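The two complexes that follow have chain A in common; it is paired with chain B in the first and with chain C in the second.
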Partner chain A sequence: MKTIGLWIGFGLLVLSAVSLADAQEIPGEPSGREIAVMVDEREDGDDQISEAVWTLTNSRGKTRKRHTLRYWKDYEGLDGLSSKSFIYFESPPDVKDTTFLNWSQEDAEADDDQWIYLPALRKVRRIASGDKENSFMGSDMIYDDMADREVEEDTHKLLRVEQDNGTKLYVLESTPVKENYIYSKKLRWINAETLTEPRIEFYDRKGRLLKILTTEWEEIDGIWNWKRIVVENQLTGHKTELDISNVRFNQGLKESIFTERSLRKGAP
Partner chain B sequence: MESIFRTIIRFRFLVIAAVLGVTVVAAMQLQYLRFESDAESMIPPNDPVLHYNDVVEERFGMLDLIIVGVLNDNPQENGVFNPRTLGIVKEFSEKIALLPGIKAVRDEDVTSVATMDNITGTSDGMAVDPFMEEPPRSAEALAALKDALFDNAMFVDWVVSRDGTGLLIMARMESSEGTLEGVARRAAIYRTIRDMIREKEAVGVPEQFHIAGRGAMEVTFSEDGRSDMERFLPLILFIGLGTLYLTYRSLRGVLLPFAVVIISVIWSMGLMAWLRVPMYFISTMMPVTLMAIGVAYGIHILSRYYDEILSQVEPDAETAVMAAMQEMWKPVVFTALTTAAGFLSFLTAAMVPIRYFGVFTSVGVLAAMVVSLTFFPAVLSLLSPTASRSLRNQMNRSRDLAATGWAARTLSSLGRGVARRPLLVWSIAVGTVLICLIGLQRLYVDSSWIDVFHKQSPVRIGDEVLREKFQGTLPIYVAIEGHEPDLLKDPNLLDKLDRLQAAVEQDSIVGGSLSIAEFIKRMHRVMNEDRKEMEVIPDSRDLIAQYLLLYSFSGDPDDFDEVVDYDYQHANVSFFLRSDHSADIERVIDRIQDFAVREFGVEENGGQAGDHDPLTVRFGRWVAGITPTVIGWETKSGFWIGFAGQGYMSNRFSELVVSGQLTSLVTSLLAVFLLTTCMFRSVVAGLINIIPISAVMVFSFGLMGLLGIPLEVGKSMTASMVIGIGIDYTIHFLNKYQLKTRDGLVNPEAITVATMATSGKAIFFNAAVVVGGFLVFLTSNFKPNFYLGAMMALNMGACLLASMTLLPAILNTFKPQFVYGTMPSPAPVMRTDYAVSPLQEKETV
Partner chain C sequence: MSSTPLRRKTWVFSLVAILWIGAGVSFAQAASPPVLRLHKVHLTADGSQRQVVLQFSQAPSAIHAFPLSTPTRLVIDVIGPVLPHPSAAYPAKDTLLRRVRVGTHPQHLRFVLDLKGEKLPAFTVEQQGSRVRAVLRAPDRPTPELRAQILFESPEASSFAQSIPQPSTSTPDSPQAEQQAGAAPPPAVPKTEGASVAPSRTAASRQGPGRVTPSARRPAREPQPGLFETLRDRLDVTGYVKNETALRLHSPHQLSKSQNWLQAEIEFELTDWAELTILGRSMFDPVNHLETNIEDFRTSPVDRLEGGDSFQAELRELYLDVLYEDFDIRLGRQQIVWGESIGLRILDVINPQDFREFILNDFIDARIPLWGLRVDYTLSDWTFEGLWLPDFEANRPADQGSEFQFRNVPTQALRSANQPEDWRLSDSEVGFRITRFLRNMDLSVNYLYSWSDFPVPFLDRNTFRFKPRHERFHLIGGSFNYAFDVFVIRGEGGLRLGEHFVSADLPKSYYSIRQREFLSYVLGLDWTVHDNLMANVQFFQNVIFNAPGALVGESVENAVSLFLLSDFINETLHPQLLVLYGINFGDLLIRSQVRYDFSDYLSATIGADFFTGSRSGLFGQFAAPVRDHDRYWTGRNSRLFLEVKHSFAL
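Up next is the complex of A and B:
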């Protein structure tokens, strides 16, 4: 009996050693999961105001251009919310004053609360739509791509470390836990120093490269933020360009901005 | 000529070796023969109407659909609203979304009740929820699902049938991009879905399944085409060999003509392969057609050869062959030239595959001629000159060819009858032609895409069931092409599009329609607390723009591509038809165009439709009285309106084929007239040759008119083939008739009987093989082939009859100079090879 117990103990030891090695894919580097957590915890401010110019181009070269203002506030789990955002349309002229409010839920399974104000209809309408795999504002990104995705929703593996002009990049493979998710995996290039992500590749359920997202970053008030995002859908040829400017952090945005009432008033 | 055949016989081994050598070389090329199954190949390059369809499909990102219908009409199970049926639809939708070649990133990209969202208006906004995540189990939940579906008019007849007994799954297929892998991938989609269905059927689920759509058609097309080929060749071999054996009761009589045919098929197909011309669907008819035609030369030569053997007491191989060749080389060359001309007239066709079919069939015909004049006598001269014992006995008894063999006896008495009662022949012929001329007035053009398939074909049944139960499978597109962006935000225009849909949907064959107007109406209702009366186009342009913005948030960026383009400059209104008969399609198009002319106006100087079509199409259209297909016109409302879609294409297609074939009919008639005029060195001869064949044409198309059978692609193709092949009979007959007068016969009855007993017999067997050969097409999986076979068989029979009754009646009545010479008739010229002809003995006695 004793020997059996010994053998079991030895087996457990070997097993834990193996799983330890599995957790830390490259010796001397943090594990994939650890990197994902670090990226998730990267400082992004308490609130933010920014302007954006959206250029959507389809495969036939036709474009839609929109100019928006965005107000964003981090809720960090308060009231079960992760964040609230308010988007105001500056142009094109026929949709000016259209506003869009989103309360993002902390729980990945729960539906976000959304409202839209259409000035020509003169009504605020609540939109009950839960699908986080839906396109974000008609772009090539889905809601899930826009952050708010929890670390636990994927398993992360550090594939390799790359050097790009003296910058150290982690290449992370994130595979969704949930079956039948829109992506079969993501490859993420992560700047080891700033923890920003200059490039993400999305693979569809049939294993084909679906989208490539490239991002330029800038540091404002010690916070790294998007300056320009380009997403190219490799299957449809559709392209989204998002140019972000006038970024201001920690402006002490009031809660009243993120309410139905403020939707009618337009930009605060 | 005599010396040429003497040379051939002297160097017969060399000739045989040369012919076989060329055949081996050609056969080696066959490995490069490629089969082109892409239906696109039938579309003529540079055709403006068909090209415009590509423009519309590309602009609106239209992809081919594969459609699966799941039906359950059991009321005990609440139709399709039970957990099992819904579960199958969910399972299939999810599996199909994952297939390579299906344009789907998510399950939602496949359309079905299991994947779609239900957008409803609520008191304070709108809700977007899936119709079902999992198939509901409780009776209430099932009833709620049913209510939700039927509450939205857009879904009824589309994802669910009006009677609640059918659900559709629709998936878009990526383009094959013309690559072999692409084509194979699309075929694999269909086969995988078929296997999924078979798996369900194997476990005995009560649901019925149907697959339709372009993908299903493509695969069935190539599978059925292959099975046709595999069945045709043995069948025609059997029929051909059987007929020949019954004719000659000798091995050489069977094998030699067939050797000619096989060699000529190898030559022409080898040439095709060498020139890298692919086999098209229509080319599959080529070997069979060549078999039916190519044996003719051998039959006529053999017939004369046996007549010679029977006429001689101690026949000698070389003498018999020489006699046969000397007399037959001319009609063989003539008939081959006219047949080739008939097929060459297919060059006037707009479709590339039809042109190639014409060219390579005429190459095959000429090859058969060459082989019949070289290889054939060379081999024949090697064989001992014997005829079947029973024929020889009969000949010995009667000393008369006309009494030797059942065919000769029957045909001689027919000839006698025709010669004795010319009035009867004339009145029957003239009467038939007159009646059929009336029928000709009633002839109309109607073709159907899906009717190409056999009635029992699963793809045809599937299409019929689905278009009966749902909104229809055949699209017609109306493209609104603005000159600047944002045209489609105009409430006035959207309202007119909405009314256009309502007006056209009045027609019972229009199962449904779709446009941006419908989405705007629906959105307006949803955003106004789901009030029914709000399902109208709002009159604020900005509100429409804001709805469009909201819509652009709701799905993928290219979700709306099929109804409106990215900058709202172009829109597409789709109509779905339940019938694909051109007559129905035309009626719907008329409705659409009437509305468009009335509501949008027509800018002048738009040019006449069909102006740029080739002369051959314009001529044929004029003959048939077909109105040309319009692509579209500049309206007075600030945009161009255009028409496309498969329904529109299939109309254009039949316009091109039918008018092209009518031109080719006229061309081949003209060519045959000129050729026979030259051959017989007489215009009268040319005329006499084309009279019987023209009568057959009137008969064949007139009969169709009388019986109410519409003219379509397959039938229209028979015309020039009938002319090219049928003229052979009159040429052979006329040639023999002429020879008989030159041999000194003066009595029309005697000439007729003598011609019937010899050439008549050969013509009869020749026609029997041709008719039998084309009857093989009756087993085809494709309706056009079936009709083509039936028409060819009927028409060749009619040609046979006309050249044996009408032609002698004409000759006997008018005694044309080119046959009888100037009176008085010349003294009989005794030719060595006829010196002991029993017929002549009899006549001169």
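Up next is the complex of A and C:
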């Protein structure tokens, strides 16, 4: 009985130590998890329309460009969905009228529903989404990067606080709970005021720095949104630049935009 | 027998399209009470600021503004009900604003402010009673002088002219105003009627003098947009030029084709809810071993022009798309594609097929488009599709003696088949499809009441001559797919009721046509092996139920396929392999190719098509050595090919 009491006491001691560490890694600053929750809860609108130019550059400097129009709608768990997005390819001519539809599942373990319409086949085809390590549109971002990642899927630790031209930045280390995840960890620089992330470093399974994502943000209608994203793969030298324009929030997008109809008809 | 000329069909559908548009516009006009009328469009340029005022007969219900890029625009929707305003473009003499365009939509007037430069300036748009005021601020594009312009003014607007906000007349020597207007002092000009009396609400005009250029004295009177401008705004032209050259691998080692293609697709946006698409192409082939018998074309009901036996120009598609709420309507000459399979067609049988190159060219090029009507209705995850095809065209087999003439089918004898009458209601083809998207799965149910695209070879027992004719059949089918992890299982099948088959026991002089039920289906699996590799395997089967004795052909036919698709080097190198294997006769078609994209517009593809196996098989017929009565190049048809393609967009 005495032994059990000792074990309980030891357990409580360990738990309180962990809680303390979780609650306040740096005195006077919120914990890593609290910051991650605040970032996750940052306002992102009910829906969004945006245009983008994707510039993909390989290590030899050869570039490819894609012009896209994107529609996105937040489902907030309705029908088990996190969000739906629809992408229309405007140019170049060989991919013009190609469309892509994604229904993102609320359950992080579940595969998204994805379809593509290829004008050369005139067919809508469902595609497998199980391998989230696949490149998104040939870019340096993978499908997993594009999906909503739940706070609980990582442990978050506030490493330090930095100043950049008078801007206070939290440097957060997010380590996946699940073993053998695509990344061994991410280092995230978070603007303490706007809760935007100007820089993310991704480390591969072997702990090597895999890619660096830098983002310029702009505030539109009170919502912070990507303006320009640059992802540089440190191992291959491949680079993706994404210039986003004409962003419109809360347009009241209709459900019919995210159906087979739009896949075949193109941009609404 | 019928052979409808191109011009007749085109005119009929052009007329129908015009009537559709006319009816739509008339309906829109009738449905819109004349309550909101545009009176005036006014521009004030002052330093780095531009103010565009839209004056209406009464206050709009609401406004909605958003920017667009490439080219840079600011769009302002003024919500009605509105009185239709003629589509027009009002040019502006300004360093920032190129012009203001206006168009009428069912529930609103749309104003597009075309801006110069690629950078969108900061802007605000606000409604002030019956006025809508847009203010743009572009420090990098200052105007050298204060300038006011009336871009449009309706006759009814004269009573409103005095109330348009204009640059202020106060403090003509204000230094701030000179600073705003630029370094050079603007010339003092007389105030003009309706252009300088009301106090402005802009910062510049609060501070600056009321200097107005003479242009304000000569307001532009509804300048009509030029044809070129209208076309540029509403037209989207894409296409390609391409050379396809093939070299025979077996004797004689000569080119079997050197086709030079020009294809152009024109999309013309008629309104927000209607678009016209025209797709035409022409081809010149100095080698031309894919066609040999030009005489056949005289009876071929294909909408194309022929010049000799090496040139053709063809209207591929011409259709009008109309979007009305949850309905999509496509009217005109078009391709309609059903099904899930790769490489062989099961449900994709609505359009007939051109077999001059067997199945080696892309289906999008091999399908023969048909005139018809397709209506889709979308309800949540459901799509209901209805088809009406009053047009009929048969499959087009390769010419007798050409490279890919069917070796096991007397195509020449079938050429003179009786065909259904075009545009006769009772001879129309109809179909419907219901599709549903589900979690991880899609389903469709299909029905088609159609004509056989190959004629049935009936035999006249008195003359012992073929009297082929096309016959009706019902097709009931469906398709599905199911995604899990990195796999997608696919399937499609179709049951043809009353399909015709030949039964011929020639030693007993027995020949007859029998009707049987015929099932054709495919099961397949997609596997995303790796980021850069997708694999697909399929199993095909054809089954004739209660097959007649002495059947010509197989009562059960089986085939399998393998398809691999990959890409490397920043998605510029695309290897691809398709293998089709006929199990009954052990014959094989192997299609391998590699495409390299030099740029987003220029690509080259090299590849090889191999035929092997028994002469009796679908693929093996092109692996067999030449027969005495065939032309010498109709022997073994394996080939190398090269394709160079340059895409364009105007």
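Points to keep in mind about this one:
One rule holds in what follows: the second predicted complex is superposed on the first by the 247 of 268 C-alpha atoms of A that agree within 3 Å, B and C clash if a C-alpha of one lies under 4 Å from a C-alpha of the other, contacts with A are read in each partner's own complex, and residues count from 1 in each chain.
Everything that follows uses one rule, which is that a residue touches a chain if its C-beta (ideal position, glycine included) is under 8 Å from a C-beta of that chain, and two chains touch if they have at least 3 such contacts.
As the structure is a computational prediction, the values presented were derived from the model and not from experiment.
In the superposition on chain A, A:74 contacts neither chain B nor chain C.
Once the two complexes are overlaid on the shared chain, A:44 sits clear of chain B and of chain C alike.
Of the two partner chains placed by the overlay, chain B and chain C both lie in contact with A:126. When the two structures are aligned on the shared chain, A:34 is found in touch with neither chain B nor chain C. Of the two partner chains placed by superposition, only chain C is touched by A:246; chain B is not.
By the touch criterion stated above, A:218 is placed in contact with neither chain B nor chain C.
Within the superposed three-chain model, A:94 lies in touch with chain B and with chain C [touch as defined at top].
Look at A:180: by the touch rule set out above, it reaches chain B but stays clear of chain C.
In the superposed pair of complexes, A:235 makes contact with chain B only, with no contact to chain C.
Across the superposed pair, chain B and chain C both touch chain A at residues 56, 58, 62, 64, 92, 94, 115, 120-121, 123, 125-131, 133-135, 138, 238.
The part of chain C that touches chain A in the complex is made up of residues 66-70, 120, 238-240, 321, 323, 326, 328, 335, 337, 339-340, 362-364, 376, 378, 380-381, 383, 435, 437, 439-440, 442, 481, 483-488, 526-528, 531, 567, 569-572, 597, 600-601, 603, 647-649. Those residues of chain A whose C-beta lies close enough to touch chain B in the complex are 56, 58-60, 62-64, 89, 92, 94-95, 98, 115-116, 118-121, 123-131, 133-135, 137-140, 180, 182, 204-206, 210, 233, 235-236, 238, 240. Residue ranges on chain A touching chain C, taken from their complex, read 51, 56-58, 62, 64-65, 67, 80, 91-94, 96, 111, 113-115, 120-123, 125-131, 133-135, 138, 238, 245-246, 248, 255-256, 259-261, 265. In the complex of the two chains, the chain B residues touching chain A come out as 59, 61, 94, 97-98, 100, 103, 105-107, 117, 122, 124-129, 486, 489, 527, 540-543, 545-547, 549-550, 552-558, 561, 565-567.
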